[in-house]
Amino acid sequence: MEYIKDFAWTPGITVADFVQKLGVVGFQSIELKRASELIVKMKKNNARTFLTFTSNMVTSGLRGFFAQTIKEGLADVIVTTAGGIEEDIMKAKGENFLIGRFETDDIELHEKGLNRVGNLFIKNESYMNFEDLIRPLLDVLYAKQKRWAVSELLREIGLTLQDEHSILYQAAKHKVPIFCPAITDGALGFHLYLFQQTHPDFIVDVVKDFGNILFATSHDEKKAVISLGGSISKHHAILATLLNGGAEFALYMTTAQKTSGSMSGATTNEAKSWGKVKDDSDVCTVIGDVTIMFPLAMIGAMEVLASEGLLGRSQKNTPQERLQDKENPKS
Amino acid sequence: MEYIKDFAWTPGITVADFVQKLGVVGFQSIELKRASELIVKMKKNNARTFLTFTSNMVTSGLRGFFAQTIKEGLADVIVTTAGGIEEDIMKAKGENFLIGRFETDDIELHEKGLNRVGNLFIKNESYMNFEDLIRPLLDVLYAKQKRWAVSELLREIGLTLQDEHSILYQAAKHKVPIFCPAITDGALGFHLYLFQQTHPDFIVDVVKDFGNILFATSHDEKKAVISLGGSISKHHAILATLLNGGAEFALYMTTAQKTSGSMSGATTNEAKSWGKVKDDSDVCTVIGDVTIMFPLAMIGAMEVLASEGLLGRSQKNTPQERLQDKENPKS
Amino acid sequence: MEYIKDFAWTPGITVADFVQKLGVVGFQSIELKRASELIVKMKKNNARTFLTFTSNMVTSGLRGFFAQTIKEGLADVIVTTAGGIEEDIMKAKGENFLIGRFETDDIELHEKGLNRVGNLFIKNESYMNFEDLIRPLLDVLYAKQKRWAVSELLREIGLTLQDEHSILYQAAKHKVPIFCPAITDGALGFHLYLFQQTHPDFIVDVVKDFGNILFATSHDEKKAVISLGGSISKHHAILATLLNGGAEFALYMTTAQKTSGSMSGATTNEAKSWGKVKDDSDVCTVIGDVTIMFPLAMIGAMEVLASEGLLGRSQKNTPQERLQDKENPKS
Amino acid sequence: MEYIKDFAWTPGITVADFVQKLGVVGFQSIELKRASELIVKMKKNNARTFLTFTSNMVTSGLRGFFAQTIKEGLADVIVTTAGGIEEDIMKAKGENFLIGRFETDDIELHEKGLNRVGNLFIKNESYMNFEDLIRPLLDVLYAKQKRWAVSELLREIGLTLQDEHSILYQAAKHKVPIFCPAITDGALGFHLYLFQQTHPDFIVDVVKDFGNILFATSHDEKKAVISLGGSISKHHAILATLLNGGAEFALYMTTAQKTSGSMSGATTNEAKSWGKVKDDSDVCTVIGDVTIMFPLAMIGAMEVLASEGLLGRSQKNTPQERLQDKENPKS
């Protein structure tokens, strides 16, 4: 067993060095270092990695970092919620969100047309601008086809965005599918509904998309899950890996605790009972705010991988192409 | 302002009396009493009440209590997740879940075919039995129509269940719609997918259901939200009331805290900034495990309402009927 | 293994019946029922029971319930903090604390002379009145002797209080020692300091009191710990039982989680590694707000014990008398 | 108001740069940046800074960082618990603590003589070695004088330790007083008790030490509190600043939440109602594991201060000397 070491600051210390040193400090700092090593392991094992996050993380500046994570080949499948999709699009189109306080008077905010998400504020006009841009997009999509699986629809939208920091753009560019099992749970749902009122044969096919996430990985390959926060995003990713035989690697980061029996607080150990992660898999649960914990662990991993020339991605990998490849192997 | 009073046990104390006394004890006990009073107020104001919960609460014995809450006219619209739907059906069909320990060895559980949800266990065979019963049900539904809004599909299933303790059964019987914006996020999603493989024109129309939840209430009537736990269920209900002008009453019960900026931890105050609840509305946030907090607050309210002859429900109220009524008022 | 049962309200349900039914609901409700049974077991085993709590619980109306718990023979040794002592005395002398809101503007409160403890308020004048009454008390104590162990000093104060709802009074009356390892950490500390300035030979002997808590129990008898919240109170009680061979029974109730490695969040399992509780002991950790959880579990136990005629206390038991008895056994 | 910015990793990013960028990410990352700036402000205002921490942080490798914080002039008064004192001494004398897992079987650990603190382990023999070294130390102290205020006793011990990473050593060397209001709550309490059994006139005078902490600062100077975790340490420091007119600056870092009304979870806002911090003071509460949050915020501050030549300390400052200076000003 390893010993705890007294931590000391050295001028100019890098994040990579800091994460290394945290590994022998104590409590969640130890788990954070383990998380960082686990991400390196996922990549070195060429595991198909599911990254899940909730919409508030897209409200935050993690959005650009998720885009970078995709670009650097550290996330192969994305699962998120409707809010995450909407806000990525808003930001790609130039909307800016504000930094505020948790304690701001909410009635005053409402009068100013500001909507609070913790200590961040979103303007009403950002939602109005979203409305203006989503309608013509739906016209274009509808002209192409009437029935859309969610991930295919998101890919089409992503291709239009042209923003290096956009999750949808980087995902589309790198053929990383984005799943959103509750696509109607947001402003987007309202606009889809209005569109369908005048185009009754417009269908968002969530059932078909279940097939897409099922074939987004396979029994044969190693699988990994990085779940940030809880929610349906987390559950959907582990369900998809479970149906493919379970993940080899699982990293959960959350502020929720297991004591209420919720999915948000469920640990990587609990997942073993379900076969959600394989019994002998490498797992890690880090308790803490994702806006700090995730960049620390991921930067720690990126620096190691960069130093070994292992960053970046190459493979083509939409679920459809993967399915095609399987059916017509290019011997 | 009121004073704190020393609490003392009296032999045979009832829950109703206990909840009253908690109101002058301190911390969350005070909020719990406020929650109980708020539920009474929702009912006396004839507010259209959205009740939301996560699937783990259906895993627990709260399931029967939710059914009773519907029956007694204290919930008019339900929002939950796929797991909540599946497990209600399993239990209606005789499956039993086990009581265990949070600390049980998860690898041993996996070997025994037990899946852990906190300190509860679900047998693998319960999922297999679910498979056996859902397939013929889908055949019947498909024979009726090819394209289903989620809440309409759940109503059809509910009508078949014949279990007083079933949420779906009581909801169907009392024309309380159940919304599940992420219906594919569970075993149910897998079975829907398999069914669609052989019946390509089978459509689960989530977009149409957005209209149903929109018309499940209206600008004209008072609205209330009782959200247990976080997740998309919570978000979807407050979104629906927001689009109808905001709720007059909002009660959140959760173990999540607002400090991470998550939807699960968002307080009733934060909702004011969004117009999710009206600025002058009655709101209450109770922090604690829902399996204890919700029955306490609800029983406190039920006893008050029962003593005044206000329990029970009468009105017919599927969204479709409500819409019809609006279009063809029976002057 | 036992099965989960659907919970249902029955009109007039008692707390005792409610706690029984919670035992098959799920998550913390199950742990709460276990807690209630564990308290019954402590009493039936005639275990010497340490009850610890933090000062905010004395701010709340739990104060009267702690006094009743002592009176009914369910707590034999008390450990708390200086605030708990002060506020018990204030209330015994007629001070009343107010019920407020967590969100009240703190600067306004300060201007009004109100000090906030969560959603409770204490008036500045309560502290001033405390000052007026503690000075003459110190004169009386000093006249008796110059050097006081803390628990002996608290016993003397308790004897003067004449309030049935007072913890210090009931403890003194029933020879239940109260330990307060950080007696100077409050307004009391300030007044002790001022008194010592004019009476330099006045000594509060915390080292001697370590002996008192050591002899407040023994290796030979069964021991139990009920710890509400964290803090030094919790640590001191488990330290005292550890030095006497470890407790047979341990019940922790707290909102803190184990993931930060803090004493507040340390579970009853962790205590086993220290020999703080014996390896084969009965232990239970309940996560939740103590103002609700403790009365529920304790009332559940009180009703069972009352029905079997096991409530109430008889034995004399100051640590000094116990020591004396040991040195001069009668017969 | 400021806007959120997309975060992106740049190779070799330093901790200082990372903390800057976190300031526009979201949620706790924003609070962390504010914390870092607040520490800089404390130093630039030449505020007398109280640093408080719980014993588990001394179990961790933060211990060396606390010593460095003292050495660099960023902490002028320390408040901690008995465990923090003991473990600093043990480590100074060569004991090493182990890194483990939160989930390790506690009964197995007990059999191996390992005591668990979260995911850290302390060997039984470390406690035995502590016993061997504390006895002769007490002989030396007793030879000097019979009656000791706690902080004076800790200073004497600190002078003997000769370990750059020791909190007691750096504090003694730099005349930073260490207060420990519950000095008997640990193994140290037991050894003090045994010593007093054979040396009845040996007194640990906690009342006198209240005067020392009172005079550790004054109404005239600016005051700051950095509280890590909760407990009596936190309360004692804010009490001392309150009695000197309140602190200008307050930074709390904790995993506890305000909703239970506990001291551990009390926010810097609550402190305003008490006059614990002045109404116009700069305050910040960061929710998260201190082993990660504190080094991040403090390193961010250290780098800024170093770049401006403001690190390091000069003034002499034992409470006694400060009192003397006040009485005999060197005009």
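A, B, C and D label the chains in the order they appear, each numbered from 1.
Here is the rule we go by: a contact is a pair of C-beta atoms (placed from the backbone, for glycine too) under 8 Å apart; a residue touches a chain by one contact, two chains touch by 3 or more.
The shown structure was predicted, so the numbers you read here are calculated from the model rather than taken from an experiment.
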> How many steps does it take, at the fewest, to get from chain A to chain C if each step moves to a chain that touches the one before?
Replying inline: 1
> Can you name the chain that lies farthest from chain C, using the mean of each chain's Cα atoms as its centre?
Replying inline: A
> What whole-Å value do you get for the distance between chain B and chain C if each is reduced to the mean of its CA atoms?
Replying inline: 38
>> Could you work out how far the Cα centre of chain A sits from that of chain B, in whole Å?
In response: 27
>> On a C-alpha centroid basis, what's the spacing between chain B and chain D, in Å?
In response: 46
> Which residues belonging to chain D are in contact with no fewer than two other chains?
Replying inline: 26-28, 56, 59-60, 118-121, 257, 259-261, 269, 287, 289
> In the complex formed with chain C, which residues of chain B make contact?
Replying inline: 1-9, 11-16, 18, 21-22, 24-32, 56-57, 59-65, 67-68, 91, 96-100, 103, 118-121, 165, 269, 287-289, 291-293, 295-296, 298-299, 302-303, 306
> How about chain C: which of its residues touch chain D in the complex?
Replying inline: 54-56, 59-60, 81, 83, 102, 104, 106-107, 109-110, 114-121, 181-186, 189-190, 192-193, 196-197, 202-211, 214, 229-232, 235-236, 239, 243, 255-266, 269-275, 279, 289-290
>> Per the contact definition, I'd like the list of chain D residues that touch chain B in the complex.
In response: 26-28, 257, 259-261, 287
